[in-house]
Every structure is written in C-alpha cells, then in structure tokens.
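Everything on this sheet refers to the single structure shown next.
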Amino acid sequence: MKLVKKHSKHVGLPPGSLVHVGDRKIEHPNITLFDYSPKKWEEKKLDVVEESLPFKETSSVTWINVDGIHQVELLEKLGAGFGLHSLVLEDILDTEHRPKYEDYDEYLFTVLKMLSFDDQKGEIHAEQISLILGRTFVLSFQERVGDVFDGVRARIRGGKGRIRSMGPDYLAYALIDSIVDSYFIILEKIGDRIELLEEELIGDPTPKTLQAIHRFKRQMILLRRSVWPLREIIKELQGAGSPLIGDTTEIFLRDVYDHTIQVVETVETFRDIISGMIDIYLSNMSNKMNEIMKVLTIIATIFIPLTFIAGVYGMNFRDMPELEWRWGYPAAWFLMLAIFAGMMLYFKKKKWI
Amino acid sequence: MKLVKKHSKHVGLPPGSLVHVGDRKIEHPNITLFDYSPKKWEEKKLDVVEESLPFKETSSVTWINVDGIHQVELLEKLGAGFGLHSLVLEDILDTEHRPKYEDYDEYLFTVLKMLSFDDQKGEIHAEQISLILGRTFVLSFQERVGDVFDGVRARIRGGKGRIRSMGPDYLAYALIDSIVDSYFIILEKIGDRIELLEEELIGDPTPKTLQAIHRFKRQMILLRRSVWPLREIIKELQGAGSPLIGDTTEIFLRDVYDHTIQVVETVETFRDIISGMIDIYLSNMSNKMNEIMKVLTIIATIFIPLTFIAGVYGMNFRDMPELEWRWGYPAAWFLMLAIFAGMMLYFKKKKWI
Amino acid sequence: MKLVKKHSKHVGLPPGSLVHVGDRKIEHPNITLFDYSPKKWEEKKLDVVEESLPFKETSSVTWINVDGIHQVELLEKLGAGFGLHSLVLEDILDTEHRPKYEDYDEYLFTVLKMLSFDDQKGEIHAEQISLILGRTFVLSFQERVGDVFDGVRARIRGGKGRIRSMGPDYLAYALIDSIVDSYFIILEKIGDRIELLEEELIGDPTPKTLQAIHRFKRQMILLRRSVWPLREIIKELQGAGSPLIGDTTEIFLRDVYDHTIQVVETVETFRDIISGMIDIYLSNMSNKMNEIMKVLTIIATIFIPLTFIAGVYGMNFRDMPELEWRWGYPAAWFLMLAIFAGMMLYFKKKKWI
Amino acid sequence: MKLVKKHSKHVGLPPGSLVHVGDRKIEHPNITLFDYSPKKWEEKKLDVVEESLPFKETSSVTWINVDGIHQVELLEKLGAGFGLHSLVLEDILDTEHRPKYEDYDEYLFTVLKMLSFDDQKGEIHAEQISLILGRTFVLSFQERVGDVFDGVRARIRGGKGRIRSMGPDYLAYALIDSIVDSYFIILEKIGDRIELLEEELIGDPTPKTLQAIHRFKRQMILLRRSVWPLREIIKELQGAGSPLIGDTTEIFLRDVYDHTIQVVETVETFRDIISGMIDIYLSNMSNKMNEIMKVLTIIATIFIPLTFIAGVYGMNFRDMPELEWRWGYPAAWFLMLAIFAGMMLYFKKKKWI
Amino acid sequence: MKLVKKHSKHVGLPPGSLVHVGDRKIEHPNITLFDYSPKKWEEKKLDVVEESLPFKETSSVTWINVDGIHQVELLEKLGAGFGLHSLVLEDILDTEHRPKYEDYDEYLFTVLKMLSFDDQKGEIHAEQISLILGRTFVLSFQERVGDVFDGVRARIRGGKGRIRSMGPDYLAYALIDSIVDSYFIILEKIGDRIELLEEELIGDPTPKTLQAIHRFKRQMILLRRSVWPLREIIKELQGAGSPLIGDTTEIFLRDVYDHTIQVVETVETFRDIISGMIDIYLSNMSNKMNEIMKVLTIIATIFIPLTFIAGVYGMNFRDMPELEWRWGYPAAWFLMLAIFAGMMLYFKKKKWI
C-alpha cells in the first residue's frame, strides 16, 4: 500500500472530469453480465458495453461486473446508459478513494476496498470495488481480474440459498458480505503471524523481530484506513430507508454491520497487542543488555584492584621490604585472593551476581 | 483466548449457512428443559429436540438450555420449531461472535460471553452464551456443560424469590444477571493477583514479574473486548421498549446495567494500574542498574590512577631518582593513598557515593 | 482503597437479596432522626426503626440517618416502612457500589462516596453514603459514625439559612453539597502534598520521591472512579424534572453541579501534573547518572593511555635505548603529561568536561 | 497560579454564604460608574454603593465596575440593590471559581479569567472577572485595580465605534471581547518564548532548557483550565436566546466565539509543540551522551590490549627469549602498532568511529 | 508557519476595526474581475474598486478577486459596495484567522487556507483565502499574487465543463474544490519525503534523519490546524440549506466534503507513521549503541584478567619460583591463552558474541 497515489492529475480539471488515478492493472477491461430471476439465469461475457443496456429495463436482476477501469470511454458509455452522475464516474476511476456511500435517489453508490494478503512480503494489498445498486441492476467495478465473488456467482448459477428469489438489493448485500467476510481471512493470517511473532518474542528475539513488529504496526495503520469508514457506510446503508433496499435485506445488512464492527474491533485489538509487543521487546532487550553489562563490568571491577596490587610489587624502588620477605610472594597472592573473595561476597550480598 | 478463530469456513457460503466456528468442546449435546408457573415446575432432560415443541405454546414459562452447539441439525430443528431466523442460528454457531443484541419482533436475541478464570495459567477463558427470549420461552445455548446458572435453577426448583411468579423476561434477566455477577468473581481474582504482583514489585521484582504484568495487560485487552459491548447491549435491551419485556423487569435490567458499568470501570482501572506497574517496574530496574553501574565504575575509576602510579615506578629507566630515595617506597604509598582519599572526598562531596 | 471488594457473596442469590458487601465498621447501628418545620425542630436517637414510621406521613421534613448498615433486618424494616424497592436495599448494602442516581417515581435514590484523607499514610478512604429523597423525608445511610453533615445539623438546630423553611429536596441538596464541599478539602490536602513533592523534585529527589509520586498517581486513579460519575448524577438529578425537586432547589443543584465539574477538572489537572512530575524525575535521574558516568569514564580514559606508556617502559627487553638515555625518565614524564594535556584540551573542545 | 486555593472556609456554612476565597489584593474596593446613552455620558467614582441604585432604572446603559471584592458587605448591598441571587454573590467572592455562565432570567451571570503574563518569572497570573448583564446595566467585579478594559472606556468617552448607540448586551460583549483579545497577547508572549526555547534546543541545550520546557508545559495545563470552559460559555451565551441579548450583538458574540476557538486551538498546538520539544531534548541528550561514551570507550578499548602486551614483556621470567632478541624491543612496538592499526581499521569498517 | 502572528494590534480597538494582521506580501493590490453567463464572458483588471459595483446587480455571475489585502481603504470601499458586515472585513484582514464559515443571510462568508510547499526548506506555507458568495457574485481575497485558481479561470474562458451554465454557488464550489485539490499535491510531496525518510531509516540513519522526522512532525501539527476545521466548514456549507446554494451544487459540495475527509485522514495517517518512525529511529539507535558497547566491553573484559596475570609475573619478589622454572614463560602464555579461550567460550555460550 502506497501512502498517497498521484491525485495531482486531477488538479485544474473541471469536477467530474474522468481521469484514471492509480496503476493500470489489466490489459483490456473485462465485462461480464449475469441476469437472473427465480426460474432462470443467463451469464454472458460482453464485448461492448452497449450489449448490456437492454437488460437494464427487464424485471429480472442484472449484475454487470467490470474488471479493469482504466478505459475512460467504457465508463462514459456505461454512465450514460445507466444514468450515472459524472461525480460517480470520477470516484470509480479514482482508485485512491476512501470507502464511502452516497444516495443518488435513482441508485445507491458505494466504494469499498477488497483486501488481499501477500504471504511472501507479509503485506496487505487493497483493490477498490465500486458498487452501484439500481432498481433492477447492480454494477460492480474492479481494478483487475480476480475477486472474492466466486461464491456469489456459484450461488446464482446453482440457485443455492435465497439469492435467485430476491432482488438486486440482496445481490448488493451478498457482494458486500463477501468482501467483509474476506477481511476475516486477512485478519486470521495476520493473527497467525502475530502469534508467531509472539513466540519469537518469548524465544529468541532479534532486531529483525522488532522490524517485523513495526511493519505490522504500519500495516495496521493502513488497514484501519480501509476498515474504519466501512462501519459508518454500512450503518448508513442499512438505516438509509432508501426504497431501493427491502426490509428482508435490511436484516441481512444488520448482520454485515455486526461483522464490520467485529473486524474493526479486531484491528484495534491487534494494534493494542502490537504496541504491547514493542514494549515487551524493548524491555527484553534492555534486560539482556543490562545483564551483559553487569557481568562484564563486575569482571573488570574485580581485576582492577588486583592488577593495582601486582603493579605495586612490580615497582622498582630500592627499599621495598616486602619484596625481600621469605613469604612475600605467597602473601601477595593471599592478599589478592582475599580481595577477590571479599568483593565476590560483597557483590553476592548486594545481589549483583 | 485465541486472537482470531477460523472464520474462513464461512467464506463463499450463502449468508445464513449453518457452520460451526470454534472447537468442539463436548461429545453429545445436552438438552435440558424447565417449565414452570407460580404453582408448579417440571424439569426434564430431552433426548430429541422435538420433545420441546409442545411446551412452546403453553402459558407456563419454558426454558430450554442446550450445552454443545456443534450439531448443526439439532439447531436447525430448534430453529424451525421456534421460528428463528437463519442469521440467528448462524450467529449461535459462530462462537467467535462479539456480544450483541438484536430485536426480531417475535423474539429478542442476545449473545454474551461467560468468562471463567483458569487459576493455574492465570488466563481468562470465554464461552459463548446465546439467549433467545420469546413470548413464553427462553432458549439458551452454551458451548459446553457447566455454567453459572445453578443459582437460577435452584431458585426455580425451590420457588425462592420472585422468579416463579414472573414471566420469561425475568428469567432472561436472571440469566444475564448471573453472567454479569460471575464477572465480579473474575475481577476479584484478577484484583487479588494484581495486588500480589504489586507486593512483588515493592519487594523483589524479577523479569518474571514484568512478564506476568505484561500477561495481565494482554488479558485486559481481550477482557475488554468481551465486556465493552455488554454495556451497550444491556442499555438497548432495557430501553428497547419491546413488548416482550415488562416494566418490572426493566427496573431489574437497570440494575444489571449498573453492574455492567461497574465491571467496565473496574477493567479500565485495572488497565491504568497495570500500566502504572510497568512504569514502576521499569524505573525500579533502571534505578537498580544505575546503582550497580555507579558503584562498579567508581571502584574502577579510583584504581586506574593508582595503577598508573605503580606503573610509573615499575619503569626501568636507568635514572629514576625517586627509586633510590630512602623513603621512596613509603612516599609512593603515601601518594597513592592521598589520591585515593582525595577521590573519595570528591565523590562524597558530589554525592556519588 | 482496595481494588475490588468481595462481591462474590452475591453470586447465585436471587436479585434483590440483602447481603452486606464490605467491612463491618461499627458495632451497633446508630439511628438518628431530625424532624423540622419552619417554626420548630425535634432531634431524636432511635432505638428501634419502628419509632420513625409515624414521622413519615407528617408534613414536616423528616431526616433519618443510619450509621452502620451491616444489620440486614434493620434495613428490611426501614425498606418495608418507607416502601423501598428491594434493589435499592441491595445497593445500600453493597458498599462497593459506584456512585449512581435512580428515579423510582415515589422517591429518588442516590449513592455517593464520602472521602476522607488519612494524613499519616497519605491515602484517601471512601465511605459510601446512600440518600433517599421522598415526598416528606430524606433517608441517609452511612457505613460508620462520623460524617461531614455537622454543618447541616447545626443549621437545622439553629435555624440558620433557609434550610428550615424549605422542603426535603433542599435538605438532600444540602447533604450532597456538604459531601462535594468536603472533596475540596481532600483536593487541597493532596494539592499541598503535590507542591511539597514538587519542591523535593527540584531539591534533592530520591527513589522515595518517585515512589510517593507513583502512590499519588494511583490514588488519582481511584479518586477519579469516585468523582467522575458524580458529574452525571448531579446533572441527571438537576435535569430530572422530578416533582420531588422544586425549582428553587434546582438552582442550588446547578451550583453543586458547577462544584462537581471543578472537582473533576482538578483531579484531571492533578493527573496531568503528576505525570509531568514523573517525567521530570526520570529525566533528572538520567541527567545525574549521565553526569556521573561521564566524569568517571573521562578519568578512566585519560589514565589508560598513560598506564600503557608506563607499561612500555616497564618492559624488560635487553635493548631499550630510551631506558639508558640521560633524560629518559623526565622525557617519559613529559610525554605522559603532554598526552594528559592533549586529551584534556580535546575533551574541553568537545565540551565534554 | 496555585494549584488549589483554600476552599475549606466554605465547608459547613449554609449554601449562598458569602465568604471571600482568595488573597486580598487591594486595600479598599474601588467602585466606578459609567452611564451613557447615544447623546451623553457620565463617569463617576462612587464612595458608597447606594449611589449607584438610582441609575439602575434609567433607560441609559449603566456600567458599574468594582475593583476588590473582599468586602462582603459591599457585595451584599449591591446584591440586594440589583436583585442578585445569593449563589451569584457566593460565586463572585470565590475567586477560585472555574469560568461559567448562568441564566437567571432577570440577568445573565458570567465568570471569566483575566490573564496576565509575568515576564520576569515567565508565569501566567489569573484574575477573576465576574460579569452581570441586566436589562439596563452591566456589573463587573475584579480582584484588583488594573484591567484590559481601558479601550472600552475610551470608546465610551469618545463615542467611537457603535458602543454608545447600543445596549448593555453590547457593552458586556465588548468587555468579554477585551478579555479574549488579551489572551492573544499572552499567547504571543508564550509563543515568542517557545520559539526562543526552540532555538536554544537546536543550539546548546542544557538541563535548564528542559526545566524551562517543563515549566511551560505546566503553565499550559493551568492555562487550559482557564480557557477550555470559555468555549462552551460563549457558545451558550450566543445560543441562549435570552431576551437580554439582541440580534446585532449575537453576530458579535459569534465573532468572540471564533476567537475563543482560536485561543483554545493555539493552546493545544502549544501543548503538542512543547511535548515534541521534550522528545527532541531527550533524544538530543541521549545522542550526545552516546557519542561521548562511544569515543571514550573506544580509546579505552584500544589501549587495553596494548597495555597487556607491555605487561607481558614486563614479566620477570628467567627464560623469555624475546627479551634477548636484537630487535625484540622494536618488534614489540611493531606488534603494538599493528594491533592499534588493526583495531582502528575494524572500528572504521564497523562505522563506529 | 509562525506559531502566532501579531494579534496585539487589535487590542483596545472597537470590534470590527479594520487592521491588517500579517506581513504585507505585495506592493499594490491587484483586482481582477470575471463576468460571465452561458453565452459570453468578460475579463477585466480593475484600477479602482468602484468599477466593480455596476456588475453587482447584473444577472450574470461576477467574480472579483483581490490579491493583496493590506490596503484597508480598498476593503472598506468593497465592503460598503457589496454590503459586507464590518466583522467580515476584520476577518479578511486578519490573515491569522482559523478557517471558518459564517452565514450572513445575504451572503456566505468562508475563510480557507491555501497551502504551498517550499521544496527547498521542506516547509508548508499557508496563505489565507476569504470567499464571499452573494446572490450574483463571488468575492475572493488573497494575500499575494499567484494561486491555484488558474484551472477555474481557464474553464470560464474556454466554456469547458458546466461552469458557465451554473450560478455563483458553483463558482464558489469550484474555487473551494481547487484549494482542496491542491492539498493533495502537498500531501503527495510530503508523502514522497516521508518515504525517502523511511528508506534512510532502514539504510543509514543519522541524527539528521531524526531532526528531519521531528520537523515533519511539527509541520503536521501546523497542517492539522489548517485542515481540521475544513471538514466542519464544508459540512456546514453543504447542509446549511442556504437559498444561495442550489441542489446541483450541493452534490458537488458533498464530493468536496469527501475529499476533505480524505485529506484529514491522510494527515492523521502521516502523524501515526511519523511517530512510528521516531520509535524505529530510537530503537535502531539504541540497538546500534548497544552493539558497540557490547563488543568494546567484551574486548576490555577479556584483556583485564590477562593483564593482571602479566602484572603478577612482573612483580619483583625475591622468591617467585615460577620465574625460575624452565617452562615458566610458555606456561604463563599457556595460562593466558587458556583464560582467553575460556572467556570466549563462556561469552559464546551466553550468546553475547
């Protein structure tokens, strides 16, 4: 996750100008269409946008998914066909947008982040998903191919669950639910890594451990940014009272809301735990360092007085009576050993060793 | 308490799919039924769920308690029998769920955490309790056998207190009250441990003390997660104005609410105290280390100049007049003692020793 | 102040069970009664609770004060006589209760903490006061003899101020006002101690100073717990719109509310100041330690190279021309002095000494 | 600013008792009166309070300012003359009161803090100002002579601006505006001092610098206490909808409100900056200390092995072949130089020197 | 950005006095006028303010931009011509004002900060922009020549986008949008610098790195001050329901609001990241220092006992049998090497080296 993407392309352009902000992650946009009613369903890969327009007015539920949003003209056509405000198109193109929800009366517009976890680098990647819920259709826009909606597709195809018998509001819910559910997988992976790090902390922590902890801390800062706004978005969506969302779906949205809070709380708990880990690491390190310094200093301290005594009897004065004594040398050793023992006892008593 | 349980089983399934999230903690589910009215009561261990259905419509209060929730079919049958929404069943099965409250008009649904304290490991364990309050019944779901409801059972059997003369709302209150009351026992135990740790801190703290403090800190992070949502839940329950909760019971719920706030505040106080203890530990350690380093460095510093002098008179120059002096050796000793005394005085004056 | 008192006695009992939580602080409960109207007043020490009941219905204001609440039967009788809810009695007996306010239509119930400062130990002690304001009476419950209400008693006896001409709401206000006023005395004492500690900090701080600061910090954590809820309580009391509280008294309650905020803010300010003091202590200590280490290390560093030189000319090689030189010895001294001077200059230039 | 002034005088007195809390800062109270209308104005120094009463009922605007509030009788007379509640008088006398606003229907009562900066000590002093806005009059009470209202007086005398053509609400606004404006002067002075300190920090910081920073930090704690409540007060005053405040004045109050927010934000910014400065100081100090320790330790470390070698060849064994070698002595020097060079290279490579 | 600009000029003046607060950044004020309707447009540089007045009443949209606000008379004339309140003029002149929004019924008044980033110094500079939105006109005031409105001007001239077909509310929106968009450029630049610093942190951090981080931290404190109030301002502007703002423009304002939140969140994220960087720097530094100290202390510790042994055999006692031994010298070396090896092994085992 980069800190800030290049927004500057926008500057100076009239509002609602369609400029793609972000990296181009796919060669050609990929448009797929689902059209279903309780009894039947149809799945199609579209070559041109115009093919989708006839489905707009049918009473069956139509889901058009666009992978790859860098082709501005494609979006313009879709926008014209489905009557989207130019600001909506601008927001879809701006992949740096924070999650948000807006009610345009004729349709509801939601921007979400789909997260994936790069196991290699231990980094979270975000992809922007824009959803538009109209009276008979749902439009979804993704930055690249590959998403978390395969379960929803399978349910439409197989007629499992209630999805085929419900309206587009339920489809929109199902998509949002898939995204929020996928957050749990990310959180599990991060949770596992944090637990590994905790074991490392207790075992044999190295500066690398601290680096890893700090990396997670930063991931959490960026993760929060994707997750916090979700809460409010889904709250608004649920309480919006828009005629586009039926009562039955509202109960399901309440459930997603619950999950969102759980995600938010887990992120916060992770933050608390991570900052606790940093404290533990630092006090461990300082403990270890103190222990080393203490032992080493004690050794030095014990030998310095002894060396002094040896130095004294290495002096070359003519008249040093001790040097001539019969037991002078053993006496010197005795003195030195006595000092050694005395210091050891003192340090023991002081509980320094 | 694990950080995150495996939620991933859910991903890709239609919402409302019944999947058990969590560990299987019991072999066979255990279903017990209480049915009581002011005059009489009946207690039964059920083999099959279907036995409970006739009690649903009677005017007497029915309490069905299920220990062990991993048998999905059992829950499906109960759900069908008592008209529960599939999302409710999904939440009951997901033992990782955060405490919550939902009003489904026909019944109220609450998820709570029952905590127990493992004295050996000094860890808190959480078990999920789901309560459903209907017009004439209360359903409760637990992960395993063993709970804090024995007092309630005894009161039903003995007809003590007002429980037999009140409706299912009072029963639900009594169960919640038992859970919240049991939090105080946990808090007392933790409080006792914290006080022990405080004494250890004043007495003879070791790195183990710090580890224990950090462990408590983390326990508090996880405890908060169970306790915080409670406040809001009971507030909503009390103020919900649901026809399922009578005025008399509302006064009692206000009392539980009070207790909940007290629990929350105690947890917060513990957090404050624990972080104060970490500060005290660290400054103690650093004090102790400083004292050691100071004494040792002072010893070294005093002897280094003395050793230098001894070294000087150990040199082998031909012409070193001092060596030939009659009082040379005593003079050297005198010089060294003078330096020793001078340094001691200086350090004393500076208040370093 | 203990962290958590034994709540566990309650567990498993029906709600509203009367169990005394806390220490028994008095031998026999002490019941005193005041009954007054603008013209006359009566003061009585009651032997049995029943003596108080006739006063309940008179139009004069009746104030019954109970010191010592461990006799459960006494409370039960009073409760029955004055129509108190069993939960109210339970809360009165639970001396661990957090300050709270509840409106029971027929009467208002308030739990407050009366604080006293133990000058010896420098600790705050809390005693629980429960107040019940009825249409013609005020009941107050204390844990032991001795309180801050002597001023109120004197005013009733002497007819000073407006107390005799006002209703029981004003009496309740006067009692609360006395309690809040007494907080200021505690805060003054703590403020004085903090200022003493600040002088110690500037003068000659020792590890004892830090301990004292940490003790105050902890006192503040516990003090906050008593004081914070007060704000809300008095706000509710004032804005409750209960018919039991007249307009005139409401203005006075607004005044107490003001005082409460002042108490809360002072506690917060103390917390800020105390944590500032800890910072100052720590940076002082580290400054002092650094200074010691620096001087000592510099001494050692200067003599180590000199000792080396002495060592060199203490070697016993056969051919060491310097040893035979006429001015060898003075030259060696000169060399050592030159090194000494050079190092001193270098350290001076670097501003290390 | 003292932490807590002696509030204890109040304890035990009936509420509304008039007791002066604070230091007596002036010998005799000083009463001045302004009475003006668009056409004319009158200025008077009053000897007795009673002289002011006739002005109360005139349609012209009357401003009575009292310097020195320790004479309780004076306040009692004014209170009686202008119909003030005894709690208002109590608050005026209590110079320790936190800023507040109260609507007594007949008049509005506001307590503010007038700050001054003692350039010598670098301390902020607070003086309490109480304002009462009635239908035709404004009363202001100060602790001592000397205030920030000279500009307002000049405008009344000179008829500059709109003040003479507006009512007492505008006068009250003008006084509050003067006080809030004077805060900016304090903030400028503090801002200048902080900038000086920042330069000192970059230049040559000493422990005195840290002390000064900590002193400012504490000043900020106390300053906040005066400033924070202001925001709320002026918000309430502006939105009160009291008939005593006209629409025109409300626009001006909105302007003061803006200034108040700016003051509050500046104080918060100062707090942030000051705590940043403490961090910078500490990391600077630790950097400096580390650098010293490093250099000194390196010197010691280099010479210790060299001294060892000198020691070896100072030994007196009979058979030490090296001693007899022709080039023994130079070889020893060579060895020592080689070790010296090797260590220097190693340290260089490790980037330690 | 200075901490506090000289506000003191104001003190003592009647409210609404026109005093320029801030530096004079331009010689002569520069007035330019745009007047446009869907069909045509006119652009003019005005010499005197009076030339603008005729445009006020036309139905076409008039935009008057003033660069340089230090000429008080100019503002007075404009104020009189367009009916502005004196407080508005005062706020325009006070370049130190915090961002704000006020509804004066006839017109809306907004103060914003236009930021620019000084690449050389790495500092943010703020310039105050005041906007007035009337029924048919927009007035904008800047401190100096040069702004971020060139895009808007180009769109008016070229008739691009919808600007020519919309009213003055859309023009005001477009100006605000340009300002908020320009914040993203600043944030990108800061983001880039932070990323550079992060690389430096991982690579070779020096005390300069820390200084740079602290500088950014302080920039963030000041940036927040400009950005935080924006959120609330635009929220109010959008929800104001003023008849001056049409429905179409409201949707666009909602979009700017979104951008503002994104700016605010990015600033907060930067703050989090920066304080994380400081932690990383400090723990890196302390790691590095510890490593140095450890190696150096180990060297010293190993040689001190060896030097002691050399010292012992350098003593001059008459009877030192070892000295006479045939293998005495090699034995001494052997002893010393054995001690050396033993210590190395011990340290290795302890994982200190």
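Lettered A, B, C, D and E in written order, each chain numbered from 1.
As a working rule, a contact is a pair of C-beta atoms (placed from the backbone, for glycine too) under 8 Å apart; a residue touches a chain by one contact, two chains touch by 3 or more.
Because the structure is a prediction, the values reported are computed rather than measured.
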{"item": "Number of hops, subunit D to subunit E, where each hop joins two touching chains", "value": "1"}
{"item": "Rounded Å distance, subunit C centre to subunit E centre (Cα mean)", "value": "42"}
{"item": "Chain centre separation (subunit A, subunit E; CA means) in Å", "value": "26"}
{"item": "Residues of subunit C whose C-beta touches two or more other chains", "value": "293, 297, 300, 304, 307, 311, 314-316, 320"}
{"item": "Chain contact graph, described as a line, ring, star, complete graph or other shape", "value": "ring"}
{"item": "Order in which chains appear around the ring, subunit A first, subunit E after it", "value": "A, E, D, C, B"}
{"item": "Subunit B-touching residues of subunit C, taken from the complex the two chains share", "value": "2-4, 6-8, 10-17, 85, 87, 90-91, 97-98, 100, 102, 207, 210, 214, 217-218, 221-222, 225, 278, 282, 285, 289, 292-293, 296-297, 299-300, 303-304, 306-307, 310-311, 313-316, 320, 322-326, 328-329, 332, 336"}
{"item": "Complex contacts: residues of subunit C adjacent to subunit D", "value": "148, 150-151, 154-155, 160-163, 173-174, 177-178, 181-182, 184-185, 187-188, 191, 194-195, 251-252, 254-255, 258, 261-262, 265-266, 269-270, 272-273, 276, 279-280, 283, 286-287, 290, 293-294, 297-298, 300-301, 304-305, 307-308, 311-312, 314-320, 350, 352"}
